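Okay, so chain A shows up in both of these, paired with chain B first and chain C after.
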Partner chain A sequence: MLAKYTRLFFLSFFQTLKNRNALVGLSVFLITCLLIFDNLWKVIAIRIGQEGLNGSLLLWYIASNEWILVSVPQLHEEIEDEVKNGQFTYMLPRPISYLGACFSRGLGKLFANLIVLGIVTFGFAYWKTGVFPLHPLPFFLFLLIGFAVGALALLALILIGLSSFWIGQVAPLYSVWEKLYLTLGGLMIPLTIYPDWLQNVANATLFPILLGERSALLLDFSYHKWLCVSVKLGIWMAGICLLITMLYALGLKKIQHEGG
Partner chain B sequence: MIHVDALVKNFTSTSFFRSKTSFSAIKAVSFSIQRGEKVAFIGPNGAGKSTTIKMLCGILYPTSGSIKVLGMTPWKERKALGYQIGTVFGQRTQLWYHLPPIETFDLLQKIYEIESKKYKKQLDTLIETFEIQSILHKKVRQLSLGERMRCEIVASLLHRPQILFLDEPTIGLDINAKLTIRRLLYQLSKEYGTTLFLTSHDTADIEQVCDRVIVLDQGSIILDSSLRELKKNYIKKKIIHLITEGQWVCFEHVGVKIVDRGEHHIKIEVNLHQTDIDTVIYHALKITGLKDITIEDPSMEEIIRTVYAG
Partner chain C sequence: MFFLSLLKVSIRASITQKGAFVCDLLLMIFNNLIFIALWWIFFDRFKEIGNWKMADMIALNAIGLGAYGLMRVFFGGVINLSKTILNGSLDIFLTQPKNVLLHILMSTSYPKGFGHLLSAFILIVIGDLYSHVGSILIGITTGALVFTSIAVIAHSAVFFLGSVDIVAKKYCESIYLFSLYPTNIYSDMLQIMMFTLVPAGVITYLPVELIRAFSYEKLIYLILISALFVLLAFVFFGLGLRRYESGNQFSIKT
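The block that comes next holds the complex of A and B.
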């Protein structure tokens, strides 16, 4: 039963790896972003008088954020296309779940990106700083959670993609998502700079798990913190899966009434 | 194999201010299809062909009426039915664009849970039948439309479906590719007994592949007959070419209209309501110096146009 999804995963995984030009492009983009944000954070650190942020681990923290941010494939665009051009309906008669197929192929792409960009980004951080932030086991656990977080981001993009049943173009919605992701996730500036109420708002969303809170494990790792992030991650995943299922069912209902 | 009874499908569209408008895409359609039949399901744009196919595949459920495909209710047992039917949609693709067709075939083996030995055997047979050995490892984006369509059909047949739904399978193809696809479909149905349910705007698809025609117009069936019956009942005229030794020959007869005339030939249209073909031929043979005579049926396109016109 799972063989079909595994095959889809590997097909997408190896196809992404074969597309070397795209991976080189993403790597260059990632390194550029890394340098920009590294300098931005250094300036902010001086402005707010937290020179402590200016340490070598800062680059690792930003690298960890960028790693996820750049690796997650734009699955919402594919879903939007399939819904809008009707391809989606023609996939329904096959004995495979559309959502499962979407997730599997997205996951294949995501994992290929995470592996390649992980080597690039963390290799670059090590080369620039000369330090390795964690011992092997915690680092392995940190990477593991990175892959899970990528899957959560992918699920969120599926949710955005499915909204095309109603709003047609999902680009504006994605744009809002992206802005919230960067600001409430703690990439643009540290979450600690925000007023308390905004920090509370940010912590009530999934964005810190996707970026800041997870990346902070690199700076101050403990198994307890790792477990906390994992539990929150699990809760968000379950919640988004539920929303996806509901939205998908409503989308199918809409097709029944308005045609495919 | 397929049993459709009093099928109705209404769609509603909701405007920005929530006012709903409803329209009937399918109005009380009924038909049955037996195993191995090759049925052309035709009609003008917006007649409801695609909606019907979508309901037969389980994509849409009807507003009322019933459908049984291979004993299953499509929209309730869509996944189970998926293992038994194949679909080819001329304007859609199930092949991975950046990969060679063989990769998609291998993926479909997993999707349809085909046993390895059976898959290998079926694939080998299809590769030979559809002559795709040379393009099997070429990326799909590098294939011509005709080659791609051959691969699409192979992809739909890997799991040995009992019914193959084809929605405009020859759209956009050149004449040679069209001929190949038609020949292969005919061969497929003959050899494996696969039931074909085909929609097309190309009447040659109907003529060369199918043995039965269902004509749909504005959501209702206006004709359901065998191809032979259709021709018999709807051929209202015949075209006769006469080649003569004499120059500028004239031909006058009730129910006969001269369509074209040259120095040594004359083309006439015979209205079968006004006269019969035997009488016209009898008179034509009396022409002095008649060298050749050819009788033509009107094109299938013209016949279909007559059906649409009522």
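The block that comes next holds the complex of A and C.
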């Protein structure tokens, strides 16, 4: 039953690995962003009176955020294209779930990106700082969470992509998602700068799990914190899966009524 | 005349679905206000950064958003240029007796751009920047040209490197993001990068400096640098076009 999805996963995984130019380009892009954000955070750290912040760990923290941010493929655009050009309807009679196929394809791309960009990002961070922030087992657990978080981001993009059943273009919705991701996730500036009420709002969303809270494990790891992040991640995943299923069912109903 | 008519048709086409247009407009304004709110929180607490105050940040955002919006409305074809090249859709433009690059760029207009332009207008009102409208408009125009040129160069990389469209897209998005930060906070090496490889400084920082202390020298610099980026875009696209292999696609462009 799962064999067809596994095949799709591997197909997409190896296709992504084969596109070496794109991976090299993404790696160069990622390191550029890393340097810019590192500089930016250091300036802000001085401004907010946290000069004592460990520069090496800061680079690892930003590297961890960028790793996820750059690796997640733009699955929402593919779904939008398939819904808009009608290709989606051709896939309906096939003995494979459209959503499952989408997710498998996306996951293949995501994992290939995460592996290659993970080596580049963390390799660069180690080369630049000469410090490895965690022992092997906690670091392995941290990486594991990274892969799961990537899958969560992918699910969120599927949700955005499915909105193309109703709205003209999903790009504006994606822009809002991206801005909230960066601001409430704690990449643009540290969440601690925000007033308490906004920090509470941010913590009630999934964005800190995707970026800041997860990356903070690198700075101060404990199994308890790791477990907390994992549980929150599981809850968000279940919630988004439920939303996707509902939205997809509604979208299908719309297609059946109005045509594809 | 042809390009003016093309632009008119593209813009009309982008706003035909009124409901979707209004929805896009509101989403983009909300999206942009999130960022402004973030800076407002920051400056409320720290008053200034690198000698820049909130008023300067509002001007910077007005120019950045306006430039990005203008690019999307007038040169929207650049957003999916790499896809156009990769799937062989360039063929239909090559058969027409008009400048290929301009034709592609102006053949699409995105309603999202109007949201950015409206956000820029709102910021001019909020920031009480009426006395600097001239400089802001110059900044928006040069910024839009630099945004478009850089995007053309990035997307043209697919002529040489194959399917690197995702890299081009992420690179263009990052330039937009970094253009909404004050460039003067970066260290020396990164500042050079911000005026060359990631020219966010040319798009927003230079025009804001023009507003802070106007001089004709700065204005000429800004115009010359922008013109250089435009020239580079045409050269790079032209070089790439020589390597283009037809997709053998049969289609008609009306």
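Simple rule for what comes next: the second predicted complex is superposed on the first by the 259 of 260 C-alpha atoms of A that agree within 3 Å, B and C clash if a C-alpha of one lies under 4 Å from a C-alpha of the other, contacts with A are read in each partner's own complex, and residues count from 1 in each chain.
Methods note: a contact is a pair of C-beta atoms (placed from the backbone, for glycine too) under 8 Å apart; a residue touches a chain by one contact, two chains touch by 3 or more.
Computed from a predicted structure; not experimentally measured.
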Query raised in the report: Regarding the shared-chain residue A:T89, is it in contact with chain B (first), chain C (second), both, or neither?
Result: first
Query raised in the report: Does the superposition put A:H257 against chain B (first), chain C (second), both, or neither?
Result: first
Report task. Based on the superposed arrangement, let me know which partner A:L11 touches: chain B (first), chain C (second), both, or neither? Result -> first
Requested in this report: Please tell me which partner, chain B or chain C, touches more residues of chain A.
Outcome: C
Requested in this report: Could you say whether A:I167 touches chain B, chain C, both of them, or neither, answering first, second, both or neither?
Outcome: second
Query raised in the report: Does the superposition put A:T205 against chain B (first), chain C (second), both, or neither?
Result: neither
Requested in this report: Check the residue A:A3 against both partner chains and state whether it touches chain B (first), chain C (second), both, or neither.
Outcome: first
Report summary line: In chain A, both chain B and chain C touch residues 19
Requested in this report: Sort out for me which residues of chain A touch chain C in the complex.
Outcome: 19, 21-22, 25-26, 29, 32-33, 35-36, 39-40, 43-44, 47-48, 70, 73-74, 167-169, 171-173, 175-176, 179-180, 182-183, 188-189, 193-195, 198
Report summary line: Given the complex, residues on chain B that touch chain A span 11-14, 25, 51, 54, 57-61, 78-83, 85, 87, 89, 92, 94, 96, 98-99, 103, 106-107, 110-113
Report summary line: The chain C residues in contact with chain A across the complex are 17, 19-21, 23-24, 27-28, 30-31, 34-35, 38, 41-42, 45-46, 49-50, 110-112, 115, 157, 161-164, 166-167, 169-171, 174, 177-178, 181, 185-187, 190, 193, 197-198
Requested in this report: Spell out the residues on chain A that touch chain B in their complex, using ranges where they run on.
Outcome: 3-4, 6-8, 11, 15, 19, 86-87, 89-96, 255-260
